[in-house]
Structures are given as C-alpha cells and as structure tokens.
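Each of the next two complexes has chain A plus one more chain, namely chain B in the first and chain C in the second.
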Partner chain A sequence: MKALTFSLLALPDERLDLSCLTPAALAGLTDVQIAKLRIGTSRNPALVGDVFRITGKDVNNIVFEGGSSRFDKVGAGLSAGSVRVMGDVGNQAGRRLSGGTLYVDGSAGTHAGSGMINGRLEIKGNAGDYLGGPLAGEITGMEGGLLIVRGKAADYAGDRLRRGTIAIFKGCGDYAGYRMIAGTIVITGRTGAMAGYLMKRGSLLLDRPPENLSPTFMPCGEPDIAFSRLFDRFLMDEKIMDKPLLGPKPGRYGGDTAVSGKGEVLFRQQHR
Partner chain B sequence: MSVAWIGSQPVPLTDAIRNAAKLLASCRCPVFTLDTDVHGTRSTIALATMLGGACDHAKGQVLANEVALFTNHGGMFTTPGEARRRSSLIILVGEIPPLHHDLLQAWAASQPDLGDKHSRRWFHIASDETSSSHGKLLRQLKAKPLRGEGLSLEATLALLRARLQGRPALSSLSNIDSFEKALATAQFPVFVFSGSSVETAGLVMLQGLIADLNRKGRTSSVFLPADDDAWGSALASLWMTGFPLRTGFINSLPSYDPVQWDVQRMIDAKEADLHVWVSGRSGQIPPKGEKIALISLSRTEVPTAGAAVTIAVGQAGVDHDGVAYSSRIGTFRAVQAVTPSHLPSVSKVIGQLAGALPGRREFAC
Partner chain C sequence: MQQLSRNGVLIDDTFAEAFGMRATAIIITAPTLKWARQAAITMTGYATSVIGCGCEAAIDVDLPASKTPDRRPGCRVMIFAMGTDDLQKQLKSRLGQCVLTSPGSACFAGLEGTAPLDLGNSLRYFGDGWQISKKFGGKHYWRVPVMDGEFLCEATTGLTKLAVGGGNLLFLAADNAKALNAAEYAVAAIEKVAGAIMPFPGGIVRSGSKVGGKYKGMMASTNDAFAPTLRGVVDSALTPGVNAVLEIVIDGETSDAVAAAMRAGLKAVIDLGSEKGALRISAGNYGGKLGKFHYHLKDLLP
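What follows is the complex of A and B.
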C-alpha cells in the first residue's frame, strides 16, 4: 500500500499545527475527513485540503512532500509507524514522541523532540534552540528514545534531559546539556560555552576536549573504563556513527559541582 | 491640535477609529505590541482576544528572559520593603538598571531596624566588565566585588555556589573569605538582581544558590524588573489570561509560547499582516522598515512614519490618572496625572476601536 502522502500545494501564510496528522489520529478517517481537519493557527485557519494534496492510503507510513519552517508539531505524540518530511519543519517536531520514527529531511526549529518518551527522531539538517528540552512550566525534557541531528544544534541542546540519547554531528551552541538530570548527549564538532551548566547527572560525550566549560567542572584524568568502548559499539550498531567516538581511554571532567557534581564530560583525547 | 491621522493627513478621531477598525476587521493575523499602563494593557489584551491576535511587550525579549525564571524554575523572593528593614547583607547580582539606583542608595542611607540590626554590608557578584554608571553606584554603596579572573557572570555564580557548599572548583573569587564571614553572621542576606543583567541560566543558578543557603538559614532575593511597566503588563496579562505576555489567542483561547508569539519575529517572518503599536511612552516609535500595515497608538504630536492610522494617546501618570507597577513597593499603585491633557487614554481609544468593529462581539474589559 502506498504511503499516505501530503504534497504541499503552496507555502502557507500562517503557522500550521500538524499534530493531528499522525497514524493514530488519522486511523479510520477518509480522505475527505482528513482534508477538513483544521491545521491553521490564524483567524481564518487553513484546513489540510487547503495546504496539501492527499494521496495514498497507508496511515502507518506518512510522508510530507515539501516542508516549511511554519510546520509546527510535526509528528507530535507519534506512538507508532513512521512520519517522513521531505523538507524543513518548524517548532516542536516530535514533541512527546513515544514510539515509531520521525525523519526530517531538512532543518527543524526550536524544541525538536521536546519531552520525547521513546522512538526515534532523526533530523538531517540543523536544529534550533532547546533540542529535546521542556516547554515553559514543564519539569523534565526528553525522557527516552533516540534523537539524532546530522547538522548543528543551537543553544540549550538537551535541556533537562532525563533519559535517552541525543546525538549532534556538526557541533552545537552554548549551554549544551543545561540542567541535565540523566541520559547521554553525543556531540561531534565544536561545542559552545558552558556545556553541562547545572548538570546533575548524565554524560556528555565529545569528540574533542571541551572549550569554555564552567570552572565547576573538575578534570578527572583518563579513566580506563569499559563504558566508552561499550557506548562506541552501541553508536555503530545503531548506525548513528560509523567509527568510534571516544576510543579506549577518554579524558573526563566531573561536574557540575555547583549542583551535585555527579555528571561527566567524556572526550576523545586529541593525541589518539 | 490634531490627535488622529490617516497616513499623514490629520482627521477627526472618529474617522481614524473607523478606518483602524476596518483594517482590524479585514486582517488575517493582527499582532499587538504594547508599552502602557494596566488599563491600557487590559484593553489591548481584550481586543487581541476578540480578534484572535497575539500580544507582546515592546521590551519583549528582556521581559521573556525575566518571565522564564518564573515559568522554568521558580525561586524565593521577598519585597524591597522587607529587604530594607531586615537585611544587613545585600548582594547585588550583575548590573542593576539605573532606574533602581535611587532605591539602592536609599537602602544604603538607612539601617535595618528589624532582625540583626547591624549596619548594612554590600557585595557585588560581577563579571569582568562593569559599565561606568554602575561602577559609580558600586563606589557609593562601598560594595565589595566577588569576581573571578576572565569569568562570565554565569560562571561566577556557579563558582560561588560550589564554594559555599564546600565543593571543588577550578578557580577562585576575590573577597570570598570576607563574604563567607559576612554570610555566617547575617540573619537575612538578600540577593538583588534584574532580568536584564543575567541570562536565565544564571538566574536559575542564583536561585539554586539561595535554595542551598536556606537549608541552614534564611536567605531571599529581590527581583527588580528591567522595566516596571513591562513587568506590570506581564502581571496584568497573567491575571487576565493565566499567562504572561507573548500570548496568542487561537479561537479566542490564550496560548503562551515565547517563541511562536514573539511579535517582532512574526512581523519579520511575515506571519502577521497587521501590526498595532500601543505605547503611551513619549518618544517610543515602532521599529522602522516593517512591511505590513501599521496602526500606531503613540504619545505623539505628528503621524507615525509608515502608519496607515495614527492616534495620539496620553501617558498614565502624566496626561491622565492610571495604575502602574512599582518595583519599589513590589505591587501596583495609583498614579495621578502630573500635567492633565486632552490626550485620550489607551484604554479609551481601544474601547472605541472595539465598539467600531463590525458585528456584536464581547469586549471583555
């Protein structure tokens, strides 16, 4: 059966809330019913049929042909199946994603993967601020799953990460791992200032020594630990990376001592 | 003297209201930037609710930074009056905006009459850079700096927090021994900060530090907003909608999102098609170069450049009576007109605009 495909007719004038276009929400609906779903956020909100041409039948496999930075909440609440966007998405892509796969062929706005619980979100381009982070008033950020950004992430990546793994491939802005509670963030490329600020526990794994860490991160030498090899293998098995990230004896900083100091920054030694 | 213009032509107020109402009725996504007193804020929010628009403050970015401390973390706060009467140890965090310098100097000239009643000591948590106006205030207060070489304010706060918990850190702070001694003897140390001087992350670190200190004694903080009117508008929005500013109204229901409802971003991204600028403050004009229709409610004697409609409005406390937030008392106060004028208030003009809209809709203000 051909994937249920939403082909973009023209760039929307308004921001769209696409949280209603997931396999669970669309199950049992006819094309006519889908076309009448409201997705606009202005005074005269657009309907699905105003913005997209709908083809295909398989609701467990949804494709958006064409994207826009005005596509908010794509794949929000996705619990099974797959959603693929052939272009950019706006804010809160994969919000509260609890299963299945969301693949974004372009870049994402702020709060991508916010509050993710499980599943896989992959962004081929860049991601905005607060990758995986909580919205205003929420206690925790991402709580599980796998979030991969093949490009750069902006500031506050992994804010209040509680569980799960975030991988960023072309560096990130300031405050990566801000207020981390647990979980793992993998970063290759340059990391901005104050990585791990207010980090309670969890691991920040880097492919190079960190720059501009808070003075409340203490160097802990080069521990010979099994974790780095184990995690390198996980990254390659999951096809997240094609070569080891940390190597056998990574450098380590412990912190943030301003909080509990139980977090760690592990990094690949440059001479290896 | 004229108080209303269509384009650059002076017109009677009723004509300008009718023209502005037409624009409001026909637009797809109106956005409101406000900088006014409580009544003006309430009217603007009520109009935005009717029209399904979005509201933001003219100093939206600084306000969002201040609000983020409350929405994302929380903290321990006291009033300026309590700090003045009880605290013998005041710690300034970063640069305090000049509008609050008088308040701090008044504290310096007095002595606490409750609690430990010692003469007041001052410290200042600082980054490497301090502006000259703030330097002058610090000299007047005889504030001892707590700073580390080459450290940002956020790093300094982290270092101080680690040090006060006896945890290791890679650097040290000037005057830290003297500060620890002062902290041990003071019964009610108070940290004073503003949202414009520290990033939200630093404010969160500061509130964590205060929470740590409260395990052994009593410590609190005084929040001095970067702009009193902006904070007053945030509070007025909070009691009307349940959310602070940067709130939009989809289907007349409020939704708070500091990214989505950043009005300047919406204008730049051409998501909005009508900008309503509401400012009772003299000299405040909308940013230039906007490429969407503009309705300007400003305290002005000339039409606003680029505006389809301009209506002159008065300022609360100058042209008419009003209610405004005062950080000195930590709540709202009535302000009387200093030089009453013929200029209408923002709330009166917005009420007329709502009345001129086609169809009978509820104006909840």
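What follows is the complex of A and C.
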C-alpha cells in the first residue's frame, strides 16, 4: 500500500499546526475527512486540502512532499508508525513523540523533539534552539528515545534532558546539556560555551576535548572504562555512527559541581 | 541388565534421572580472557551441588571479544538452583563478592528468560550515590565507580524455568588412570556443548551418592553399589575387572542441552575405547520415581 502522502501545493501564508496528521489521529478517516481538518492557526485557518494534495492510503506511513519552516508540531504525539518530511519543519517537530519514527529530510526549528518519551527522531539538517528541551513551565525535557541531528544544533541542546540519547553531528551552540537531569548527549564537532552547565547527572560524550567548560567541571583523568566500548558499539549498531566515538580510554570531567557534580563529560583523547 | 557394546565399551541399558531446576546465565568480561575466567572461576567456586552449596554453577563457554557486549574477552557462566529465591540470593552474593571485586570486570545478562533476576539493580548501592544509571538500546546498565575505574553491570538478567539438573554418566574402568582418562575426554567433549555445564571439580565427581544413609540426618551417602572396595560385600553394580568409577554430572539450560551433552560425552568415551578408557558406561537414577527427565543411554549412542 502506498504511503499516505501530503504534497505541498503552495507555501502557506500562516503557521501550520500539523499535530493532527499522525497515524493514530488519521486512522479510519477518508481523504475527504482528512482534507477538511483544520491546520491553520490564523483567524481564517487553512484546511489540509487547501495546503496539500492527498494521495496514498497507508496511514501508518505518512510522507510530506515538501516542507517549510512554518510546519509546526510535525509528528507531535506520534506513538507508532512512520512520518517522513521531505523538506524543512518548523517548531516543536516530534513534540512528546512516544514511539515510531519521525524523519526530517531538511532542518528543524526550535524545540525539536521537545519532551520526547520514546521512539526515534532523525533530522538530516540543522536543529534550532532547545533541541529536546521543555516548553516554558515544564519541569523536564526529553524523557526517552533517540534524537539524531545530522547537522548542527543551536543553543541549549538537550535542556533538562532526563533520559534517552541525543546525537548531534556537526557541533552545537552554547549551553549544550544545560540543566541536564540525566540521559546522554553525543556531540561530534565543536561545542559552544558552557557545555553541561548546571547538569545534575547524565553524560556528555564528545569526539574532542571540550572547550569553554564552566570552571565548576573538574578533570577526572582518563580511566579505562568498559562503558565507552559498550556505548561506542551501541552507536555503531544503531547506525548512528560508523566509527567508535570515545575509544577505550576517554578523558573525563566530573560536574557540574555547582549542583550535584554527578554528571560527566567524556571525550575522545586527541592522540588516539 | 542387558548391555549393548560399542567399540569394545559396554553400555548399560539404563537411564540418567534428572530434575527440573531454575537457571540463569551471565556474561563476565574483563581486559583479558585470563581475568574474565578468574572472575568466573571464583564466582562458581563451592557450587558443585545444591544440597550443600545452595546452587550449581560453572563456566558454560568462553566468548571471543567479538561476541561480548563490550567487545572484550569474556565467558558465559550458568547458575542453577531449585527455586527462584535461592537463585537470586546466590547470584547476588556471588556477583558482589567475586565479580565486582575482580580487576577490570564487567557483567551482562547471558539469558533472555521468562522473568528478570537482579544483577546491577542489587549491586548499585555499592556506589554510595555515585553510581550512574544508563538506559540505551532497550537495556539498562549500572556503572559503579571502583578503584580501577568502573564496574559496568547490566541491571537484570533472565531466569529460565526450563532448566534441567542431574544428567549424568558413570565411567567404569579397570583402574583410576583409565577412569580419569575417560572422564577427561568426556569433559572436553561436553565443554563444547552450549547451554550445558558440569559443576563438579573439573567436571568430574568421584563420590557419587545414593539418597539417605544409615545415619540420621544424612541426606545422601556413598554410592556403595559403585564403590569398588565394597564389591564383594554389598549388592554391587560392578562387574569383575572394574576397579574405579568416575561420574560426570550435567546441568543444562534445556532438556535438549542435557541430552546433547550426554550424547557428546558418550561418543567421546566410546571413541576412546576400552583399552585406554572405560570398560563400561552406566548412568545414575532413583528408579525413575523422583526425576521428571529420563535420558536412556541407548537413545543417545552414536
């Protein structure tokens, strides 16, 4: 059965809330019913049929042909099945994602993967601020799952991360892992200032020694730990990376001692 | 008793009688195979029989680095007990005293069973608040800081209720050296069978037992029917010319594993022949009333 495909007819002149276009929300609806769903956010909101041409039937496999930075909340609340966007997305892509996979062929706006619970979100391009982070007033950010950004992430990536894994491949802005509660953030490429600032627990895993850490991070030498091998293997088995990230004897900083000091920054030694 | 013969070795028409048990398995890794085996050997010490030791345990197989979760050399250890609570108690104390303490060790689940048994979940408190929980790839690990780095341990392993304990072979030979030679050949063959262990010293028992005894409180006493020094004075199972008997006891993850192990042991000793090894092969049972699993030697012959 062909994937249920939403082909973009013309760029919308308002921001769209696409959280209603998930397998669970569309199950059992006819094309006509889907075309009448409201996705615009202005006083005269656009309907699905105004913005997209609908083809295909397989509701568990949804494809957006074409994207826009005005596509907000794509795949929000996705619990099973697959959503693919062949273009950019706006804010809160994969918000509260709890299962299935969301793939974005372009770049994402702010709060991508915000509050993710489980499942997999992969962004081929760049991600905006607060990757996986909480919305205002929320206590925790991402709570589980796998969030992969093949490009760069902006500031505050992994804010208040509680569980799960975030992987960023072309570096990130300032305050990566800000206020982390636990979980794991993998970053290859340059990290901005104050990575891990105020992290309580959790791991920041880097492919190079960190620059501009807060002075409240303390060097812990380079102990030989089995965990780095185990996690390197996980990254390769999941096809997140194609070569080991840390190697057998990663360098380590403990912190942030401004809070509990139970977190860590592990990094690949340059001479290995 | 009717007897079959293979390569000059007589095979008794009898059966080994075995019991249902609970079992689990773990994978221990270390920087070298030597130290993985050291942790495993220490952990499985004093674990020959559930009667006296609370569990039966031994190394199942050695694993090359390519087959372990953390890509270091390791080995798979199996532990058997009569009940789930006993198994959990033995696992926890042996892991804590023998594996956690061993240099460079890490420990992972070695069985996907029907129920979980705690591994790292019970040892993490050794970290005194500095232990780190990691969940990824559908698994949960604990990292406990220790003096040579970290003890990495999966949170739980699996329990199987399909395990079988008490598969056995008896090798009757002209002298001690030949009995030992036969038993060593059998041990070498059975070590290659996955999912089966031989918990006794080097896999071999010389003090086979019968149920009960003349003294009050003795749960088991010497198997006088197979003791060569008593051949003339008790109702002996030994034929003239037999002067030493050694036994191999086998515990398996499944009944099939026990059968495969017994088949491998039989083949090895038959191939060795009566000149260098056993004159006769037999098996131990309790008349078939106590154990649910019966392994007839004639069904397992090569």
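One rule holds in what follows: the second predicted complex is superposed on the first by the 272 of 272 C-alpha atoms of A that agree within 3 Å, B and C clash if a C-alpha of one lies under 4 Å from a C-alpha of the other, contacts with A are read in each partner's own complex, and residues count from 1 in each chain.
Just so it is clear, a residue touches a chain if its C-beta (ideal position, glycine included) is under 8 Å from a C-beta of that chain, and two chains touch if they have at least 3 such contacts.
Note that this is a predicted model, so its numbers are computed, not measured.
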item: Fit-or-clash call for chain B and chain C when the two complexes are aligned on chain A; value: fit
item: Chain B versus chain C as contact partner of A:262, first or second or both or neither; value: second
item: Partner chain(s) touched by A:229 [first = chain B, second = chain C, both, neither]; value: second
item: Touching partner for A:22 - first (chain B), second (chain C), both, neither; value: neither
item: Chain B versus chain C as contact partner of A:91, first or second or both or neither; value: first
item: First, second, both or neither for A:237, with chain B first and chain C second; value: second
item: A:165 touches, of chain B and chain C: first, second, both or neither?; value: second
item: Touching partner for A:182 - first (chain B), second (chain C), both, neither; value: second
item: If touched residues of chain A are counted for chain B and for chain C, the larger one; value: B
item: Chain B versus chain C - smallest C-alpha distance in the overlay, whole Å; value: 15
item: Residue numbers on chain C that touch chain A, as the complex places them; value: 29, 31, 69-72, 104, 106, 129-130, 132-137, 141, 143, 148-150, 152
item: Chain B-facing residues of chain A, complex; value: 13-15, 41-45, 70, 72, 91, 109-111, 134-137, 175, 178-179, 193-194, 197-198, 214-218, 256-259, 261
item: Footprint of chain C on chain A - complex, ascending; value: 144, 163-165, 182, 184, 201, 203, 223-227, 229-231, 233-234, 237-238, 262, 264
item: Parts of chain B lying in touch with chain A, wherever the complex brings them together; value: 27-30, 51-52, 68, 71-72, 148, 151-152, 154-155, 157-159, 161-162, 165, 167-171, 201, 204-205, 208-209, 248, 250, 256-260, 271, 273
